[in-house]
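My questions all concern the structure below.
Note that the chains take the letters A, B, C, D and E in the order they are written out, and that residue 1 is the start of every chain.
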Amino acid sequence: MTVTAAVVALALGAGAVVLGVLVFVVDSMARATFSLLGSFLSVAGIMLILDLPYLALVTALMMTMEMAVMAVFMIMFMMNPAGLMPMSMVHNKYGSAAAGFAVFAVLTTGIWLVDWPVAPSGARSDTTAQLGLALMGEYMLVMILVGVVLFTTILAGTILATGRGRYDRFGPDLGRRRPDDPVRGGLGR
Amino acid sequence: MSDVVLLQLLLTVAAALVGVGVYGALSQQSIVMVMMGIELIVNGVLVGAVSAWYFLTPEAPDPQILIVLALVVMAVEMVMGFAATLAIYRARKVDMVDSATDLKG
Amino acid sequence: MSHSLVLTLLIVLPGAVGVALLLAGRRGDRSAGPLAVATTLLTLVLAVVAAAGRGTVSAPFIGIVDGGNLELAVDGLSAVLIITVAAVASAVVIFGTADLPRADARARFFGYLLLFTAAMLATVTATTLPTLLVAWEIMGATSYLLIGYYWQRPGKTSAGTTAFLTTRAGDLGLYVAAGAALAGTGSLELAALATADGGWRDVAAFSILLAALGKSAQLPFSAWLSAAMEGPSAVSALLHSATMVAAGGYILLRMAPLLEATPWVATTAAWAGALTALVLGLVAAAQVDLKQLLAASTGAQIGLVVLAAGVGSVAGGTGQLVAHAAVKATLFVVAGAWLTALGTQHLDGLRGAARRYRGVGAAATVAALTLGGVPPLSLWITKDWAMAGSGGALRIVALVGAALSAVYAARLLAVVLGPGPQPELSGAATTPIGDVLDRTRTRGEHGIGTLRVPTTTSAVAWTLALVAVGLGVLGLPPVAARFTGLLANPGQPVPGFTELALPGAIAIVVLIIVLVRPTLLGPLSRGVLARWAGLPALLTPRPWLALARALARVDEVVIDRGVEGAATAGRGLSNTLRHADEAGIDRAVDAVAARTQRAARGIRDIDGGVIDAGVHRFANSLRRLGGVMRRPQTGLLHQYYAQALVGLGALLAVLLLVR
Amino acid sequence: MEEMVGSPLDLLPEILLVLGAVTALLVGLWSPQKKQGRARVVSVVAALAAATAAISPLVGPNQAVYGDTWMIDEVTGTVRVTASVATAIVALLATSSLAGHPRETEAYVLMLLAATGAIALAAAQDLLMLVPAYLLASVPLYTLAGYRKDARGVEATLKYYLMGAFVGVLMLVGVAALILAAGGSGYDVLAERLPDAALPLVAVGILCVLAGVAFKAGAVPVHFWVPDVSAGAAPAMAAFITTVPKLGAVAAAYRLLAEPFAGTGLNVALVVAVVSALSMTLGNLAAFQQSEVLRLLGYSSVSQVGYMFMIVAVAARSDLAVPALATYLAGYAVTNVGAFAAAAALPQAQTLKAWAEGARARPWLVASLVVLLLGLVGTPPTAVFVGKLASFTAAADGGFAWLMVLAAANSVASLFYYLRWLAPAARGAARPHARRGQTPTKLATAPMIAALGTAAGSVAAGIGAGVWLALVTG
Amino acid sequence: MLLTTIVLLPVLAAGALLGLRRLPDRWVGRIWVLVTTVDLALVAWMWAGFDSDASGGGFVEGLQYEAKVRWIPTVDASYHVGVDGISMPLIALTTVLFLAAAIWSLREQKRPRRYAALFLFLQTASLGTFAAQDLILFFVFFDLSIVGMYFIIAGWGHGNNRRSALKFFLYTFLGSLALLLGFIGLFLGGEERTFDMVRLAANPPLEDSPLMGGLVLLAIGIGLAVKTPLFPFHTWLPDAHTDAPAAGSAILAGVLLKLGTYGFVRIAMPMLPSAWQQWAMVAVVVGVISVLWGALVALAQTDFKRMIAYTSINHMGYVLLGLGAAGLVGTADADVRVVATVGATVQMVSHGLLTAALFLLSGVLWARGGTYGFARWGGLARPAPLFAAALGVAAFGSLGLPGFSSFIAEFQIIAGALQAAPVAAILAAPGILITAALFLVAIQRLLTGPTVLTAAAGYGPEAGEEFAATGSPPDSTPATQAHAATHAERVRDPGAGAGTGVQEPTSPTNGGSGQLTGTRAGGGHFQDLSAREIVAIVPLLALSVLIGLFPRPLLDVIEPAASAIVQLVSR
């Protein structure tokens, strides 16, 4: 790995941390969301440098979408979306800071104490192929399970989030031909 | 710069992200902000996993799978978090964790 | 009839009839008297036959080891005693039929009496420790029932209780003796005890001595005799003559070989007997109550038996036992007759009683003279025979004791033979019998007298008195030799002429002095001796009761509440930490909390002992812990997070530091 | 790569559960509101079928399938059977509160999926399998906790979710650390390489991974959700949440301790023992003063986890651990579900006092409660007694005699608060006449039957423990 | 099979009673009596077939009526039952006492069905404990007995019964868990890991590790000491007894306490012989302290039932003294130690019979006047001669008079223990005296003197509930006592009141059958024992006398087993 790459990676790392800190410093949820997105994108950059382009791309795309959803969500539901009114919504600030720092300190101490068995850096084979083979082979069952998890999440999230179900829309016997929705639109229309 | 130091520095970055995330999760009152803290911890995991893979076991796919799983975790927890927030907002018109303290003792 | 069957019947007959009478209850009242008389007379016959036959009986009982069974045998000593016991029992039962009011629960009375007789007969024929103990303890229990016969009247039952408990205290010795026998000889045979090895023999000997002293009311157990006088006269006549008190003397005589093998116990026994003779002699001399006087004299006379056993004078002791039985039975029968007739047993109330009831009066006079040791009457001989083996200080003490018997006998005679009471004395503490001439019924401290002595009673008294006198033949050397031979105990010390003459002379002199100047004894009656020389205080249950109460308090306050406090303190925090809106808890908590508080106060009451403070601290720490346990659940999520992190951090520390 | 993939038949119970979930969902989607019972029937049949299907591999040899990510052995088998049966019972006892509910179908579906997750936890033989299993065992429960959508319910959901998310990512950190340390994620790889790996890293990894399973099990110090969720959720849901995922979590912890964490230079067993001690003690002491039925049961389940972690602590140290785990999990599943069923039988009675009044003149309900609560205490001959006996024995055998003594002391302490529920109930039932002519509290039939059934089952399982053990170990 | 039938018959009957809802309540009591009678008959049958000369004597070999079914194979626990000379008498005692309790409770009005079912359940638990030859099975029944008794006290007791029941449950449960820990220690310590008592006794575990052996013995000892109870673990007992229903007290004292002492003989001695030898002196000392403590504290009681409760501690102390002496191998001959062991076993039986009778008699007081206070009864021999006679006989029996079973027991214990522990035995002897004192004082207070009857309004169980409702137990505070005194009606006997008259009791024929059905209300009446009460109590006393006079049939059964245990403990 070239020195440049290393420096860039570290710089991105530092950026990720700084942006991460900013998440809890800025006084607007929108800004916080975008800081978080920035942090994730920096990490995606690190991935890219460290020969994982596919995962970097997935991360970047997914986080962008997710943060977009989050932003929309905030703007729709939450108070103080645009940071118009500076406010503090924290409790136990110093305790939390101490806890966060303690975690950091413990981990860092460990990291710098351990004698890492670094592998000889050589030409990497196709990293994406490696991932794909693992997913389809050794870790196939894991991915199947992830599929079930996602199915479950859709179901559970929907149930939890929505106030109205099929019987509200189509009647107790599901006999209604057109759904009875307070707002027009959506499925079954 | 040797690989070892680079690895350690990157891991320190990961640790810092975890630390910041912990701070956020503990200190924020808004549910969504707590979730952001948790996301940051996952972010740290991502950095750790990718460094591990690159410097330690480039021949093993496990760290890569871990990254995939981390993303899944992040997505799933976002979904459930938003759903929970919506639910509690519907039931109690609050979005702050401190406001939900009926259950205690 | 085989010998063993006779022996069995001797015990079983009175026992079974007694139980039958008890089971019959009030329905048996009418037939109880005659049945009891018949039974005792038959028993007397059986006793004579058994004495001649010398049978043995064995019945399975505890087993396992030798001597664990119920075994009876008749040897010389037993032969003498069964006849004595049966004879006195018969006499007393006959007296009882005449003396006991018609309306009383006679079946119960005679039932107890017969059971008691059976127990005594078993005691004097027992050859194993279990047998002895069974008979011995049943005798004690029936004595309690007999003394407390008039349970309706205040004080009777507690008198019985005193008697039973005191004698039982001595009885514990027999339990220990049994253990020692088992340990020392591996058997429970009485005869084997003398051969026990090591210290076990000493233990056994001393324990048996203890039991004997208790039963025989020797020092320091004498006080129960006084209480036992609460029983009906017939009971006193039986208990204080041939049975119960005699049993202690008997067992020591029976165990003579054992005493011989353990000289220090023998010496102790001798001294206990001599001192009892002395002290109870004084006590008797100081009494103002006839029955109390007789009771104390009983202790004193049996003391000489114990002395005899201690010095190895078995024949003398046995003679003393038998002669005393006859004498004392006579006196108690007479005393009972007077009590019934005059309603009093107070000496003041009995002035001239012997003149008024000449029949029993004469018997009483003869018996009292015998008791006083006047030659050539029986007790004169036996007394000196009993103390024949003693010497030195022991002998002197015994002699003084013997002389005292003349003092109280004289005192008794002086009263009953003296002039009748003067009407103007009625201001005294106790009401005298009142005007004799107007023949109205009189009241004594025991109610209204019947003013009548039944013929039966007189007959019984006379018979017994004649026997008492007749036993004087023991003084004749051939008879004495025969008697000694009967007891299979040759080489016994026999009193010489001076040893007999001196006490006899002393007795006569003392008797005359007291008869002439009875007031000499006046001061004695006002001293501590009249109250049994303070002996009752010696055995008072008060310290035990106090100890019991103290322990009970410790039990309830310290141990119990301490434990309870510790157990409940886990939730003891209940009210302090509980928020006001969560108050709907079960009442029980309050109750327990209140109790815990009370417990705390109770614990505090017992000044800061070690337990107390420790329990207190433990309870408090548990209480605090209970509070800590609920406090983390604040309901605030960020605090959950923080606590979880801290907890995990601590676990990490454990993981890293503790390998 | 082909040999990496196992036969789908190896996963028959899980497949049956997931298929059952999908079928039930489809059936429910096209059923009228009042006729969603069909979905319940499908679910119960699927769960029982899964339990049945789990028996034959239980008897068969142990094997790791699908690239050694999934283990089929007696531990998996135990959880398969117990979780499936418990799910079926809960589905039945939920009838009273769910029948006609607009989301009735989905509740059964989520239960089946969560049961699958619990089994996956137990069977995971790879850290990377553990993570999705954790998710699958958590996500449905977040929803189930707040199924009533009332204030308490959603608060329970929120706390459960936030706690779960936080611990979940901590677990990810742990997994990452262990992968960093060992360079692999399979348990066999970990067992092989962790002993030589850097201790700090291993320590952090082990601790964070254990935190994850401890959270699912509801053990100290990540137990905070348990009482709140138990009290906030509907009784039937609480029964499910405090039973089924715990089975999987305890099994997962057991598997971790038995193999990958056993050989490290760290005294992991001691940490688990400490967790066990803290859980049982805290659970019991904190339950002392509870006046709400469900909250009391919540704390009681914390303490029960403490007892189960005793077995986990000695996983690698005693031969007796496997039978102990099998018996305790089975006993706990039956008894805990039963206790919640008893609570659910009087849906209006929230406090112990109200419950006692409601149980008046209902001797069978009281009798079931007596058996169930005394069962939780460990009174013979119920199933938990056999489990406790086995776990005490295993703990002592594994060198944790102090833990055994503590557990015994805790059992006595627990009796105290169980009696606070039991005694007034037994007495209340004793008085035939209601005080001021109140209308008697409504009795829910399905939970009542479930309580009776589990009570009988608890005794039967205790007496028939030999059969069960023969199945598991033979 | 016979043994299993005996053990399980009662619980099956209990299930049937609960199941047959249509059965009228009045039939419940009769069925209960019938079942217990059948059980007793079966035990008699078993006793008749029992071979007391069987080789081995029991424990390791010579068990009879054995049955064994595997239960939990992984820890080698099984359903293993059998009887030998120690358990046979106790099984018989159990069935006798439960029959007495059933007869006593024929008139039970309060939820008779459940009451009967609980007693039947308890009977199975007790019988099972005595029959068990497997530690786990033993524990199962042992623990169930606690549960059953808890519900009896809590449901049918009086006074402060809820609290007492709770205390009983917690305390004895603590003990039972200590016991369980000890069992686990035995299991783990053995070479072949098993819970089977016979195999553990044959091949005792932990022989080579005195420390572990001692600790295991400590756990078992504490567990059993709580149950027995021994000083200082006894404080649950007086409360539980005072507030329990009479039949419950009788069973608690008569049967359940024996589970503790039986455990010492069956488990502690044969399975931990070295430890028992090493620590036998502790057992002796604890026994002696219990003897004296129980007696002295009983002496101070002002409540009849409480007093009897404390005498149980005293009597159980003798048992431990005997068993401890049996373990002092170095200082005493085997024969002598056998005597002590036999005595201890007889004491269990004897105490069962006599104390049960005494508790039932105290139940008579409660039924008549709702109090046990000495201060509130007096001169009862006048209105109730049968009661007085029964109480007198029971008291004399209990104080160890020859002619009663207790004498056989105490004599053998003290005589047998003297060689092993002379000081202890001599110290224990005064216990006999103190017991005598307290019983005589009790008789004196209750039966003699002026007649005092308590016939307050609302006496009986209801009154107890009133006390419970106000939160203060009867006779606990001066205030309550004053309160109670206002209810107490002092009826002086005219004859006794005069103090001097030579008069017999005014109601000499009260014992006649014509009086048996008198009303119980109103002052001045104290209904004598009813036919039901007589049938329940008198056989117990009769049995005690029978054993006291003809002990051989019993001793023939016990002795071989006692020899066996002494031999086992001497290893």
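Just so we're on the same page, a residue touches a chain if its C-beta (ideal position, glycine included) is under 8 Å from a C-beta of that chain, and two chains touch if they have at least 3 such contacts.
No experiment lies behind these values; they were computed from the predicted model shown.
Common neighbours of chain C and chain D under the contact definition above: A, B, E. Hopping across touching chains, the smallest step count from chain C to chain E is 1. The chain with its C-alpha centre at the largest distance from the centre of chain A is C. When every chain is represented by the mean of its C-alpha atoms, the one lying closest to the mean of all protein C-alpha atoms is E. Spacing of chain B relative to chain E, judged by their CA centroids, is 66 angstrom.
Centre to centre, using the average C-alpha position, chain A and chain D are separated by 30 Å.
Work out the mean CA point of chain A and of chain B, and you get 8 Å between them. Inter-chain centre distance (chain B to chain D, centres taken as mean C-alpha positions): 27 Å. In chain A, 91-92, 95-96, 99, 103, 106-107, 116, 133, 138-139, 142, 146, 149, 153, 156-157, 160, 163 are the positions where the chain touches two or more neighbouring chains simultaneously.
Shared interface positions of chain E, i.e. residues touching 2 or more other chains, are given as 162, 166, 170. Taken residue by residue, chain C touches two or more other chains at 582, 588, 630, 633, 635, 637-638, 641-642, 645-646, 652, whereas all remaining positions touch fewer.
A list of each chain pair in contact follows: A-B, A-C, A-D, B-C, B-D, C-D, C-E, D-E.
Those residues of chain A lying in contact with chain C across their complex are 91-92, 95-96, 99, 102-103, 106. By the touch criterion stated above, chain B contacts chain A in their complex at residues 1, 3-4, 6-24, 26-30, 32-33, 36-37, 39-40, 43, 46-47, 50-51, 53-59, 61-62, 64-65, 67-69, 71-72, 74-76, 78-80, 82-87, 89-90, 95-96, 98. Contacts from chain A toward chain D in the complex involve residues 106-107, 109-110, 113-116, 133, 136-142, 145-146, 148-149, 151-153, 155-157, 159-160, 163, 165-168, 172-174. Of all residues in chain D, only 158-159, 162-163, 166-167, 170, 199-200, 203-204, 206-208, 211, 220-222, 224-225, 227-228, 265-268, 270-271, 274-275, 281-282, 285-286, 288-289, 291, 351-353, 413, 416-417, 420, 423-424 touch chain C in the complex they form. The residues of chain D lying in touch with chain E in their complex are 320, 323, 327, 363, 370, 374, 377, 379-381, 385-386, 389-390, 392-393, 396-397, 404-405, 408-409, 411-412, 415-416, 419, 423, 426-427, 430, 463, 465-466, 469-470, 473.
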